[in-house]
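In structure tokens below, several structures.
Same chain, two partners: chain A is paired with chain B first, then with chain C.
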Partner chain A sequence: MPRLTIDGQVIEVPPGTKVIDAAEALGIVIPRLCYHPALGPAGACRLCAVSFLDGPVKGVLMSCSIEARDGMVVSTEHPEAVSFRKQVIEWLMMNHPHDCPVCDEGGHCLLQEVTVASGHCRRRYPGPKRTFVDQDLGPFVQQEMNRCIHCWRCRRFYQDYAGYRDFGALGIGWRTYFGRATSGVLESPFSGNLVDICPTGALTDKPSRFMARRWDVERAPSLCIHCSLGCNVTVSAHLREIVQVEARYNGDVNGHFICDRGRYGFDYANHPLRPRSPAVMGEETSWSKAIAQAVAGIEEVTRAHGPKAIGVVSSERASLEAMVTLSLLCEETGWEGPAFFQDEETLVKNRLLAQVALSHGIAGLREVEKADLILIVGTDPICEAPLLALAIRQAWRRGAWVGALDPRPIELPLTFEQSGLWDEELKKALLKGAQREEGLEEVLPGWKEALDRSREIVVILGPTVVDISSLRRCGEFVSKLGKKARIFPVFRGPNSLAASALSRESTFRSLARKIREGKIKALLLVEADPFHGTKMRGELEASIRSLELTIVIDYLPSEVVKRAHILIPSATIYEGGGSFINQEGRLQRASPVHRGGIPLRRNLQGNLRPPRTFAKGPPGETAKSSWQVLLELGERIGKGLGIEDKEDIWKVARERFPFLWQVEPGGRISWEGGGVQEEAMEEEEDPSQSSQEMRVLLVTSTFAGEELSQYSSKLDPVRNEARAFFNEEVASQRGLRRGDRIWIRMGDVRVPFSVKTSPKVPSKLLILDPGNEGLWREVREVSKTIGWTEIERA
Partner chain B sequence: MIKPLIKGLGVTLKHLFAPAVTIQYPEERWEPYPRYRARHIMYQREDGRPKCVVCMLCATVCPSRCIKIVGIQDEKGDQYPRRYEIDLGRCIFCGFCVEACPVNAIGMTTHYELDGPTRESLILGLEEMMRPPRG
Partner chain C sequence: MSAVGQERMIEVVDRIPEEELAKLDPIIAKYAHRPGYLIPALKEAQEIFGYLPQEVQTRIAHGLNVSPSYVYGVVSFYAFFTMVPRGRHTIRICLGTACYVKGAPEILAKIEQELCIGVGGTTPDRRFTLVEVRCLGACGLAPVMMVGEDTHGNLEPGTVMDILDQYK
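So, the complex of A and B:
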């Protein structure tokens, strides 16, 4: 452990630490522009110069490129170093436009900060400034190359760290241009990070352009709830509107970066159709009236049919507080539920996955980065948990071997082996892989060799594509791999792990069955939209219509909200905060960012000013989170839980659900899964017996298909069209080529798709990605199989 | 007792013959000093657009937070305000906005006759601000 002296303070750091990091550990922040902890040193900006007075090296040197060694004596305030840094800033500013007032970065700009700190104010060189022509980089990143100071952070992130090639450095010397060969949309789903890491205004955030200065916004630490990873973000709100989401460093979870879905998916909170005030039968009313109506309705149904006639539905995106309150409320009242999952299969899969992962050692993103063998089973990282792809790439950059078993044509920014096994074949392969010495070598060439030299194995496992017995098989397979193997589960929602832990036997499908049988007369939906991603739209509509009472507590303008008898708006994570348990069982809390309300910008349209009326809160404020509404409902029907605030929930829940609450926020839960019966599911017959039929697999893509980001207008420009993936051979036999337009008949609706082909797709499988929906919403039922007679060319 | 009375009357008498400090307002008008700070003015570029570049410094420095700006950008990349409002009902005429402006876009005139029948009418919009004050 090298010991060195920095500004008179002695510190001992692990070997390999850079001097700049050692100084930061002491609280001395050496100015830097090109150095980034995740990207490493580049030595491009020359700003982190310090004086090495004694030790192995001497003189004014770059602290970002020199590793701390024993006996070093470093001075950051040595006159020589200070004057060096000052002159560096002067020549950096020689070509930098003096346009801070019109620059969007002004106020949180690293270069502005160091320039002001150095005291530079007058340009001595009288010649012209270097100028560039800017490019249009798509809907997320605004380029202004004149402001670039050539720190290389963007290229290092985009090409080295994230692994996409369409953005990079062109030209040499001071004419180096950071951009694409031609104007165009950035291909990477991590492009928003360029905005975060750019130390100047060269790359700025387009959606939040000119909206507010950094000091005008309300900011709070929050969580990204667009997938199960639970990345940490900082959210900015301005004039009752969420304007920007940035990555917040958390070394245990996401590191420095987030994906574009998490960064630009926030706009559902500003949605113009978002329910803002309570409504009864579609007519707006006051809070007290809506609650009174709901209470009266519940009491009437209970009197007539008993408490079991009320079904309760929630979803994986509800906060832990809401889930716990709902579970307690159901216990107290005897209502049916709560159901957190669509159907039995999803519930069992999620539970099984949690159980398998927790019993084999659950892995998070950091473990993935450290692994040297990664096997992806039934997961498409870029689509289901985008940041996972970055973590896999970091492992791959360190020499890890990556293999995937998935029928979808997975795209990852790295080289990997993929085999499109599915269903029976997957099961067989896993069984064989577990039994035989060479394992999966047959399907994934290179497996055996990688396995022999591996020390840390991570198996990434998702519940969407693989079936129950394959999941179980996978658990057995992993235990055969030995103790060094861990499982990285990828769930669908941000709180799926908690949902599977708190779930009883009820699922939405089982409740719907009871509705049809007439056993359930009323439904309480808490932050749930059963219509999202359903295959049984027609059936669902019929059962919802037959209900006597539908109470919806939600913040999305979802389809079920439109059908609600009583609608009570709730607060989003930005207004109410909340706790979520991510895929590795880490309990994390989000703080409220602002009070909410109808964004002022919308008010300004037409009207000069917001109406001058007198009220206690801002207009359109939804002051209550769903758990608060639930508590109020419970109190009013005489089943109070004795809970008043969040702390009470923690207290009660700690006693009732100890497995969830043994840890403090930030730590991981320990829960052995539990509650999965071995014979839980009857396995279905393979319906694709006849050679003409293809099994249908519904999948989602990065920017389309996730429930919350679906309502974000910021993501509209990058959403993909509906795609149908065929096996290459099968498609060519039928005369279909990549890019062809086809219609697929589903019931009485013809849905347009664009054809994609891949040799990896199994021949008896048709993979459908509904993309940005559209006509998809009219499909009443998605059948399990589709024959060629139902496919026609457009 | 008499002495202070005479003294007081003396003051009254003095003011009876001294020149008046008040003016007959609607007929006579007070001419403020050139440095007097009253209604704001937005200076124009050569093409007639406001000189403001939407840097938000005035809105930031404003102690009564009465400035609201919404900016846009033209195809050349020049930024200018689409909406620039000063709520004169809240403004304290401190002149900080003028001082903060990096492009000398906003100034203050000596036009002090500011009135209106409603609160809304006291909000100074962009177009009005770009016209020289009436009177």
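So, the complex of A and C:
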């Protein structure tokens, strides 16, 4: 352990620590522009120069590039070092356009900070400045190359850390240009991180450009709820509008980065059609009237048919507070539910996955980064949990072997083995693996060798494309691998783990069955849209239509909101905050960011003026979270829960659901109870075995298919079209080529798709990515199998 | 990147026709899917076309399985690659330290004056392109220039034009 002296203070640091980090551990922050903890040193900006007075090296040297060694005596304030740094700033500012008043980085610009700190205020060199022509890098990143100081952070992140190649360094010397060969949309789904990582205004956030000065925004720590990873973010709001989401460092979860879905998916909170005011039968009304109507309706149904005639539906995106309140309310009143999942299969799969993962040792993103053998089963990281792909890449860069068992043509920014197994074949392979762990060698060449030298194994497991018995097989397989293996579960929603723990037997499908049987007459939907991603639209529409009463509490302009008898708007995570349990069982809390209301900017544009009525709050303010609305409802029907505020919920929840609340926020839960019934679900017969038809697998993609980001206009430019993935051979036999346009007939509707082919797709499988969900509005029932007669060329 | 003022005087086709681009195919076949051979591939391509326009770079990028941005990065990094058409003979005048103190600026001024072009420019008859380089590694002969593949040393302002006259 090297011991060194920095500015008169002695510190002992682990071998390999850079001097700049050793100083930071002492609380001395050496100015830097190119050095970033996640990217390592580059030695490009020359700003972290310090004086080495004694020890193995001497003189003014770069503290980011030199490892701490025994006996070093370092001075950060030596006049020689200070004057060196001052000159570096002067050189860097020589070509800078000095356009801080119109630069969005102003106020949180590292270059601005160090310039002010150095005291540089007059440009002595009178010559012309170096200038560049800017490129259009797509909808997210605004380039302004004249502000660039050549720190190389962007290229190092984009190419080395994230593994995409379309953006890089061009040219040489002072003419070095960071950009693409030609203008165009950045290909990486992590491109937004360039904005965070750029220490100047060379790369800034395009969607929030010129919308607010940094010091004018309301900012608060929040969470990303666009997948189950639970990345930490900082959210900025300005004039009642969410304007920007940035990554917030959390070493246990996301590290320094987030994906573009999380960064630009926030716009659902500003949606022009977002429900802002309570409504009864589509007519806007006051809060008190809406609540009174809801209470009257509930009481009427209860009187006529009993409490079991009221079904309660929520979803995996509801906060833990809402889930807990809802569960307690159902117990108190005897209502049917709450149902958090679409159908029994999803519920059992989620529960099983949580159980299997928690009992084998659950892994988070940090464990993935440290693993040396990663097996992906039934997960497409880039589409389902994008940041996971970045974590896998970091492991791969350290030499990890990566293999995948998934029928989808997975794309990852790294080299990996994939076998397109599905269903029976997957089951067989996993069984073989469970019997003899090297059995996977046959499907994944290189597996055995990687297994022999592995120390830390992470199996990434998702419940969407694999069935229940495969999940169970996978659990057995992982226990065979022993202590060094962990499971990284990938769920669909941000609070799926809590939902599977709190779920009883009800699912939306079971409630729908009871609606058809006439047992359920009223439905209370809390932050749930059963129409999202449904395969049985026709059935669903009929069920909803037959209800006597539909009460919806939500903040999205969802389809079910349009069909609600009574609509009560609720607050998003940005206005109400909330707690969420991520895929590794980590309990995290988000703070409210702003008060909410109809964004002022929309008034200035002249459309959709807020109502000109007298009110105490801002127009369109939805200050109540769904759990507050539920408490009020409970109170009014005489089933008060004795809960006043958030603290009360947490206190009650700690007693009632100890497995969820035994940790402080930031810690991981360990959930022992809630075992999964061992009896096997009836397995449906494979209808394609005997026929010529292909089975259909519905999947989602990075920017299309996730419920909240569906409503974000910021992501519109990058959403993909509807795609159909065929096996390469099968497609060529039928004369289909990549990029062809086809129609697929489903019922009486024809849906357009663009053909994609891959040798990885099993021959009897057709993978459909609906892309923009609007296309599915017409389809009443998505077929389980599709024959070639239903496919025609457009 | 784009052709600047004086290059406009030369007849430049806007797009390279497809049959001309097909001349790249043997090079691409030789180095297909071998990203490490990018520089030799570009060098051979430049020998065919005299310069490396966008279409040529993109075609090589696809052939060698590297991103177009990477190819552009390499082309713009090395001074010997050019993205604008050059004359038949490239004059590379060394402005390295040794040549500089031995009078390279006077040589450069003389050439500029006689050929009526600046650094980076090409004569209207496409005979010469004038570029400056940092060091040719022949400091003992300073001041030095290269014309095409030939190196000429111990230059003097009075005689430099006689050397250039040999190149038609």
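Criterion: the second predicted complex is superposed on the first by the 781 of 794 C-alpha atoms of A that agree within 3 Å, B and C clash if a C-alpha of one lies under 4 Å from a C-alpha of the other, contacts with A are read in each partner's own complex, and residues count from 1 in each chain.
Here is the rule we use: a residue touches a chain if its C-beta (ideal position, glycine included) is under 8 Å from a C-beta of that chain, and two chains touch if they have at least 3 such contacts.
None of these values were measured; they are calculated from a predicted model.
S.K.: Can A:G71 be said to touch chain B (first), chain C (second), both, or neither?
M.R.: neither
S.K.: Just checking: does A:P15 make contact with chain B only, chain C only, both, or neither of them? Give me first, second, both or neither.
M.R.: neither
S.K.: For A:P759, using the defined touch cut-off, is the partner it touches chain B, chain C, both, or neither? Pick first, second, both or neither.
M.R.: Neither partner.
S.K.: For A:G538, select first, second, both or neither according to whether it touches chain B, chain C, the two together, or no partner.
M.R.: A:G538: touches no partner chain.
S.K.: Regarding the shared-chain residue A:R213, is it in contact with chain B (first), chain C (second), both, or neither?
M.R.: First partner only, chain B.
S.K.: Once chain A of both complexes is superposed, is A:G282 in touch with chain B (first), chain C (second), both, or neither?
M.R.: Touch partners of A:G282: none, neither chain B nor chain C.
S.K.: Give one of first, second, both or neither to describe whether A:I172 is in contact with chain B, with chain C, with both, or with none.
M.R.: second
S.K.: Going by the contact rule at the top, pick out the chain B residues touching chain A in the complex.
M.R.: Chain B residues touching chain A: 53-57, 59-60, 70-73, 77, 79, 83, 85, 102-103, 119-120, 123, 125.
S.K.: Considering the complex alone, what residue numbers of chain A touch chain C?
M.R.: 133, 165-172, 175, 177, 179-182
S.K.: What part of chain A is in contact with chain B in the complex they form?
M.R.: Per the stated touch rule, the residues are 100-102, 106, 134, 144, 209-210, 212-213, 215-216, 601, 604, 608-609, 612.
S.K.: For a test of understanding, state which residues of chain C touch chain A in their complex under the given definition.
M.R.: Contacts found on chain C: 1, 54, 57-58, 61, 66-73, 76-79.
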